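Note that the chains take the letters A, B, C and D in the order they are written out, and that residue 1 is the start of every chain.
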Amino acid sequence: MTKVIKNGTIVTADRQWKADVLIDGEKIVEIGENLKGDETIDATDAYVIPGGIDPHTHLEMPFMGTTAAETFESGTFAAAAGGTTMLVDFCLPGEDGSLLNAIDAWDKKSKDQICTDISYHMAITGWNENIFEEMEAVVKQRGINTFKHFMAYKGALMVEDDEMFASFKRCAELGALPLVHAENGDIVQAMQEKLLAEGQTGPEAHAYSRPPELEGEAANRAIMIADAAGTPLYIVHVSCEQAHEAIRRARQKGMRVYGEPLIQHLTLDESEYFNKDWQYAARRVMSPPFRNKMHQDSLWAGLSSGSLQVVATDHAAFSDVQKRMGLENFTLIPNGTGGLEERMAMLWTQGVETGRLTPEEFVAATSTNIAKILNIYPQKGGIMVGGDADIVVWDPTITKTISTSTQKSIIEYNVFEGYEVTAQPRYTLSRGDVIWAYGQNSQPQPGRGKFVRRPAFASASKALSKWKSLNTPRKIERNPMNIPSGV
Amino acid sequence: MTKVIKNGTIVTADRQWKADVLIDGEKIVEIGENLKGDETIDATDAYVIPGGIDPHTHLEMPFMGTTAAETFESGTFAAAAGGTTMLVDFCLPGEDGSLLNAIDAWDKKSKDQICTDISYHMAITGWNENIFEEMEAVVKQRGINTFKHFMAYKGALMVEDDEMFASFKRCAELGALPLVHAENGDIVQAMQEKLLAEGQTGPEAHAYSRPPELEGEAANRAIMIADAAGTPLYIVHVSCEQAHEAIRRARQKGMRVYGEPLIQHLTLDESEYFNKDWQYAARRVMSPPFRNKMHQDSLWAGLSSGSLQVVATDHAAFSDVQKRMGLENFTLIPNGTGGLEERMAMLWTQGVETGRLTPEEFVAATSTNIAKILNIYPQKGGIMVGGDADIVVWDPTITKTISTSTQKSIIEYNVFEGYEVTAQPRYTLSRGDVIWAYGQNSQPQPGRGKFVRRPAFASASKALSKWKSLNTPRKIERNPMNIPSGV
Amino acid sequence: MTKVIKNGTIVTADRQWKADVLIDGEKIVEIGENLKGDETIDATDAYVIPGGIDPHTHLEMPFMGTTAAETFESGTFAAAAGGTTMLVDFCLPGEDGSLLNAIDAWDKKSKDQICTDISYHMAITGWNENIFEEMEAVVKQRGINTFKHFMAYKGALMVEDDEMFASFKRCAELGALPLVHAENGDIVQAMQEKLLAEGQTGPEAHAYSRPPELEGEAANRAIMIADAAGTPLYIVHVSCEQAHEAIRRARQKGMRVYGEPLIQHLTLDESEYFNKDWQYAARRVMSPPFRNKMHQDSLWAGLSSGSLQVVATDHAAFSDVQKRMGLENFTLIPNGTGGLEERMAMLWTQGVETGRLTPEEFVAATSTNIAKILNIYPQKGGIMVGGDADIVVWDPTITKTISTSTQKSIIEYNVFEGYEVTAQPRYTLSRGDVIWAYGQNSQPQPGRGKFVRRPAFASASKALSKWKSLNTPRKIERNPMNIPSGV
Amino acid sequence: MTKVIKNGTIVTADRQWKADVLIDGEKIVEIGENLKGDETIDATDAYVIPGGIDPHTHLEMPFMGTTAAETFESGTFAAAAGGTTMLVDFCLPGEDGSLLNAIDAWDKKSKDQICTDISYHMAITGWNENIFEEMEAVVKQRGINTFKHFMAYKGALMVEDDEMFASFKRCAELGALPLVHAENGDIVQAMQEKLLAEGQTGPEAHAYSRPPELEGEAANRAIMIADAAGTPLYIVHVSCEQAHEAIRRARQKGMRVYGEPLIQHLTLDESEYFNKDWQYAARRVMSPPFRNKMHQDSLWAGLSSGSLQVVATDHAAFSDVQKRMGLENFTLIPNGTGGLEERMAMLWTQGVETGRLTPEEFVAATSTNIAKILNIYPQKGGIMVGGDADIVVWDPTITKTISTSTQKSIIEYNVFEGYEVTAQPRYTLSRGDVIWAYGQNSQPQPGRGKFVRRPAFASASKALSKWKSLNTPRKIERNPMNIPSGV
């Protein structure tokens, strides 16, 4: 059975043009004028864009003594409702430390729930021979080409510099891409202790304990380590000018570093933590925390200039009850906010509608760039014959006020509550299936999503590897006669 | 009649994949596996890439009291032999100052000669009401959406800051893109006088008279003016870190500035001017002059990081006899070097083969990016169904030493003489015609090239215009009662 | 007759220590413990600091069709009341264009009025043989080692780049220091026209017409020209990060560039222009205009890090009646604000009392650094045996609210109105004379001030000159046999 | 008994002037013209400058399994011969970990040997309650206001980030200044292992194992930690642009960070390690290693622009026999080079004689700045009445070729061998005693040197402390009614 998306304006990361899109089964089979199919999806007055890819979610993640409330089902359905057709979740090793077992566990959790396609980043939270070995299987057998490293959450997920170096070097060998959460965990912890000792227990102290300089420092450090190990690097949730500056500085030296701002950091600021309502502030607690307007300007400029490539959400949604674990102590508030459903509409409204971004840049930031980085382009992230029919009919005429009452996320609040957005997905298609139709009471289709395997050795990885091998420092050949015979 | 390019690996700015390309007449009509056509072009073991676009040439340009020796015929044939299927030449107003007449004159010169497609940038070398008016016709009737401004060549082509502002503002209104040659012409002239007064008459003094700081200054100034006028800006022949730094600084503020390094500046350095052979040095005289290695590293990093987008040649080839006009006085040496034929192979060899660039970045820098900037993508600059069949079968197994004896350029030397390159076009196709086949004694086909019309209002131009209009400073409404009644 | 300043804590740019200061006539003759003199000046609980030097004033300056209202008498008395014992006024050539005549005219105006010592910067507002010649006499005969260049005020004071280069080169030869007012006058004018055409006639449009990028551009350009000419450079009224960034960038290349923020830009921001009261806003109109807080942070950091050296006022006070010349057209509002009396107290309060500056840095910024730059240290700018007894007993226990009602300036408003300052001069001594005693009804002593001659070739000028002469580009010696005999 | 230094030109960090200096006992008692004393020291045609202070030496330091060969006697005598009258040595805790015991041990070693005055920096090489407590005694009882932290030498001296933060915070409380050796020790070790595994065992691999990015990273990290802890910071042996850039970036945010390049890094480059003679290369092994010319330019610019303040030597001299410990393995070559005797003459020759530095800046970099930073100015570091008579008669007419055969250092080589210097101390005075007279066969006077106590709370420390206390983040006061009562 075929479907044709008719009368829309296709927007890719490259260009805009009017054309119809013919889908056969899961794939796009033709793009052109006057196409016909068994079914017609109307895209009149709308854009036809690649389905969004959110490369940073934590669904049902065990963390800080609890488990993120958003499930794979509710999360992927919220994603679909917002125009996102694939997400990449972070897979954490369990107590046995095994990477492969962790993937199995994640598969088990996700499999029957997911409404869209997913993939995982594998977290490296320690270092030993077994991890070194398993990494190869993770890449080659499981199709995961990214490894996440936490420079914060000391005593829990954090890894040390030598562990990062070892893992990054392993990534370089395997053609995989290391990711980092960049904050100096030692200093975060010290700041937390200092603040608590001073009686600062409220959610605003969460922000105080993680100033931008700590993030910039860690970004800078990770970049150096990646350069030493000879691998590209991807820095998640770049929230501030300091980290962005470190990225720019690296890139202008020819280093291959990617930066991912979150939609939250682009649009919300630190004053949220100063709200007199504890629950309001606690709901916004995430790491890194929101920053001020100056940082937002920096991030937006990064998206248009190319020093930042991807907009994600770090969706990690905890309920009010969970947030209250930190009522007496901000360090116990589970870190995380939502955004899966709002990412695309918020970025369009505050980016494209203001002229900060072109429509093409919007597509690049929401799907194409990350698809290339993750080495799954153009299966995902494009509108291209042969690619998966992960497509959104993006309607720039639907205006909506974000509200908990209408959201698909299962938590009881929304950090974008009250924000007006000026575009919404009219239809969201995942591999050819309409999984969301605006205003038509779409329902979750758990279990239809698939795990997407991602091959190693993306083009940037190969180029860097070539450069590094041509530029290894050379041994000086010395005449043994000139070398003293020792003592 | 159809042609199929078979068994190659297509490389675009986005990705690489194995597929055949079917051409019908001038256009690409299908991309896929196992395609068949009336004729077969073998791409086994080769890449299939978009034909190169060189956006910066001066063929038969009247300049410094002479006329560039490279003709539209020899230049476009040299281009084809090097894998370049389109070039954009600079059109200079004649004595009557009319833009439209200049275009007519350029058309007359080029029409019967060109072997590949071309377009023009229109030069703005002064400012008056007539130019203001003609600019609209240039854009809307003649299909030229770029205007060049010289900040150097005082007394000849140079424009002042207020003229640039007026012209840039006009560009913003028309959706056209201003280009600048960025060097401070006042100071160049003063430096020239100083050096001559000190007895420095040789070609090395050409370099001394145009240090990097002068280029950086002018780039910085043009950027400010473009920002004030509300238009994107394109800086030609970015040769040094100083200009590149100004571009980066602007981009990280969200300004839309593009930078174009030349293949010469990427690969040749200032020591060329210190050659004991006057003629050797004089042949390398161009503006800006070659710089040192530190600047080269900066430019290469710009290409991979995205702060620089396009590699061009500024091809302006003068014969030895012409160069000798400056035998007693370096300021009389006609400025210009060649490169049309060597650009692609040199960039591949020194960029892709070293791992500085990915193959995709090579394509982006040689065709796709400039096609987007010039708003002719994907008619040009891509391998895409519906696009012009400007295609190169790029053979990375052909090694060749660059030599005047085998070049197509009509001048008697080559600034890359003796350089080894490791790839060459096996075939070059222009709108479906094979205009170059390696080792098969291809001949120029003058007159087959066409002028390519370029529409205004590229996507970046529209976005910036929106941003500027939303961010105009607001008038303070004052109560007339609070305003003193004057004196 | 001798005086001793007893029981104070001396603060210099170098250090703090408790000691008495013995003055004999105009000079400091001894510094030490338990000194005795004919008269005693009590400095108990106070600091003893060098008298302030304000290197940027425009007293009775003819400008924009009127003359600054502050006279040499009222201005120097206000200075004394604020702890400033020397100012450097800008001397503008009259209609005949002669520099020497201008100095005579300035001498005539100032001589009988000045209560403190003064000097002049000579303005270069055009370029010709006569100016070239007179510059030598200005330096050698008149003792003026600084020349001011306006990059703004097109059609009035503005000079072009080639004129600046010529003048800067002349400065280099004479060992004099060029100064610039850095704003791009072409673009300012174009912006003014644009804004007026849009109906923006109010004082806020003054700020809109002179955005920070225009200042940064001009600063950057002046720096390049100074580097090409081989001279240090001093940039007056650095108001924004853009200009400061250009200065830092130059300094980190080893260029010798100085920057002077004004006390106004350090403490007042652009919101002043949005005041609903026209007169309020018009009183604040100066060039460059006030900027936002981000720029203020940049300037403060520059003072503590050493990238900016001097805090001045650009004191150019126009009455309300004068300001009203621009009631219908902001471009006719005379540019200028006051600050001579408030500079020291505002800088102390907002700098030292907040910990942004050390007391030593306060002294450096208010007197010592500029005395060194002007090559009159330690005659002025220090507390040193043999130096002029220009001394302030600085009382950090006097709190005062700045008010027009108590100021010495003759204009009818104060841009710092209502600001609380936490220190005041208890006594101000000029060459040994007490010219201000807090709360003791001091009166102006017009005519007692002297003109201070300043020798050329400051140490930085000599060093730069040596560096430039050792690094001139070298002529390549070529065998005439290798040089073609021409055509 | 009095001495008078006659007919010289005094140069301080501030200025130059002709005057005599009268010394009574250990102190300067008068500066002026035509002074008389019991003895006369001729300074005709010479400069009279403050004795040099080298704040970075390791005499007789136990390190890497051996002990630095330079003794306190030979080291301080070499210093005197080179114009340095005070040095600050690094005191390392012994096996018991006690700071106070370490000082006792250092006193014991140095006391009877030192020919000039000295002081110590105390090293913090771990963290515990005892160290926390002892730090107070170190500062208050022993007069040591600086604590050194090694970010490299993992497994030996290195401290972790949380330890640094704790120690830095303690410094802030005590008004002491933390120092860091900035290199990422984890990555150095990993790089060493990698290189050794690849068969890179020679001294050049020492440089390869410690690239500039590792130093820049650590500098950046230390700066962040100092900012978080609220203390100024001093970074020793800044060898590269990366670390310098981190310092500049911090300073332009108002952070109080000092940087100390070494005379070696200013004048010697990495090609030294490529010498075919193993011993030659091994003698140059130090950390950080020598860098390329680009880094040298950066450092020189830092000295003139003020982003770097102090030139030191890190004098740690190991004999050839000791160096040979690393014959098979570069990581076993004791790290260190000499320079105590050459620092002043090399800096003068390559700095002042080239015009990179003014004579005043030379004095600032060799004594005054560090005296201020160490809070012992003007007892040391100036030519000022009341200050110690640590004075050098600096003769810019003595030209000398540096040679092991004439040096005072006891090791058998000199890294500056063969360099010509154009100035030498004619006389070196330490607290009024002539301890070196050029060409007069001066002999060491061991035991005459004294330990210099340094008070805490330098002016910058107080200012920063004020700023930080005014800018602590504020607790949000929330209505308990708005805070949920928990779960």
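Criterion: contacts are C-beta pairs under 8 Å (C-beta built on N, C-alpha and C of every residue); 3 or more make two chains touch, one makes a residue touch a chain.
Chain by chain, the UniProt names read as follows: A, B, C, D = D-hydantoinase/dihydropyrimidinase.
As the structure is a prediction and not an experimental result, all values here were calculated from the model.
Participant: How many links in the shortest chain of touching chains run from chain A to chain C?
Facilitator: Graph distance in the chain contact network comes out at 2.
Participant: In this assembly, which chains make contact with chain B and also with chain D?
Facilitator: A, C
Participant: Work out the mean Cα position per chain and let me know which chain is farthest from chain B.
Facilitator: Measuring from the centre of chain B, the most distant chain centre belongs to D.
Participant: Please report how many Å separate the Cα centroid of chain A from that of chain B, as a whole number.
Facilitator: 37
Participant: If you average the CA atoms of chain A and of chain D, how many Å lie between those two points?
Facilitator: 46
Participant: Considering chain C alone, which of its residues make contact with at least two other chains?
Facilitator: none
Participant: Touching pairs of chains, all of them, please.
Facilitator: A-B, A-D, B-C, C-D
Participant: With touch defined as at the start, can you tell me which chain C residues reach chain B in the complex?
Facilitator: Residue list for chain C touching chain B: 160-162, 165-166, 169, 184, 186-187, 189-191, 194, 199-200, 202, 204-205, 207-208, 211, 213-214, 216-217, 220-221, 224-225, 227-228, 245, 249, 273-279, 281, 320-321, 324-325, 327, 473, 475-476, 478-479, 482-484, 486-487.
Participant: If you look only at chain C, which of its residues touch chain D in the complex?
Facilitator: Contact set of chain C toward chain D: 13-16, 31-32, 248, 251-254, 256, 297-298, 300-302, 304-307, 352-361, 372, 377-378, 382, 385, 459-460, 462-470.
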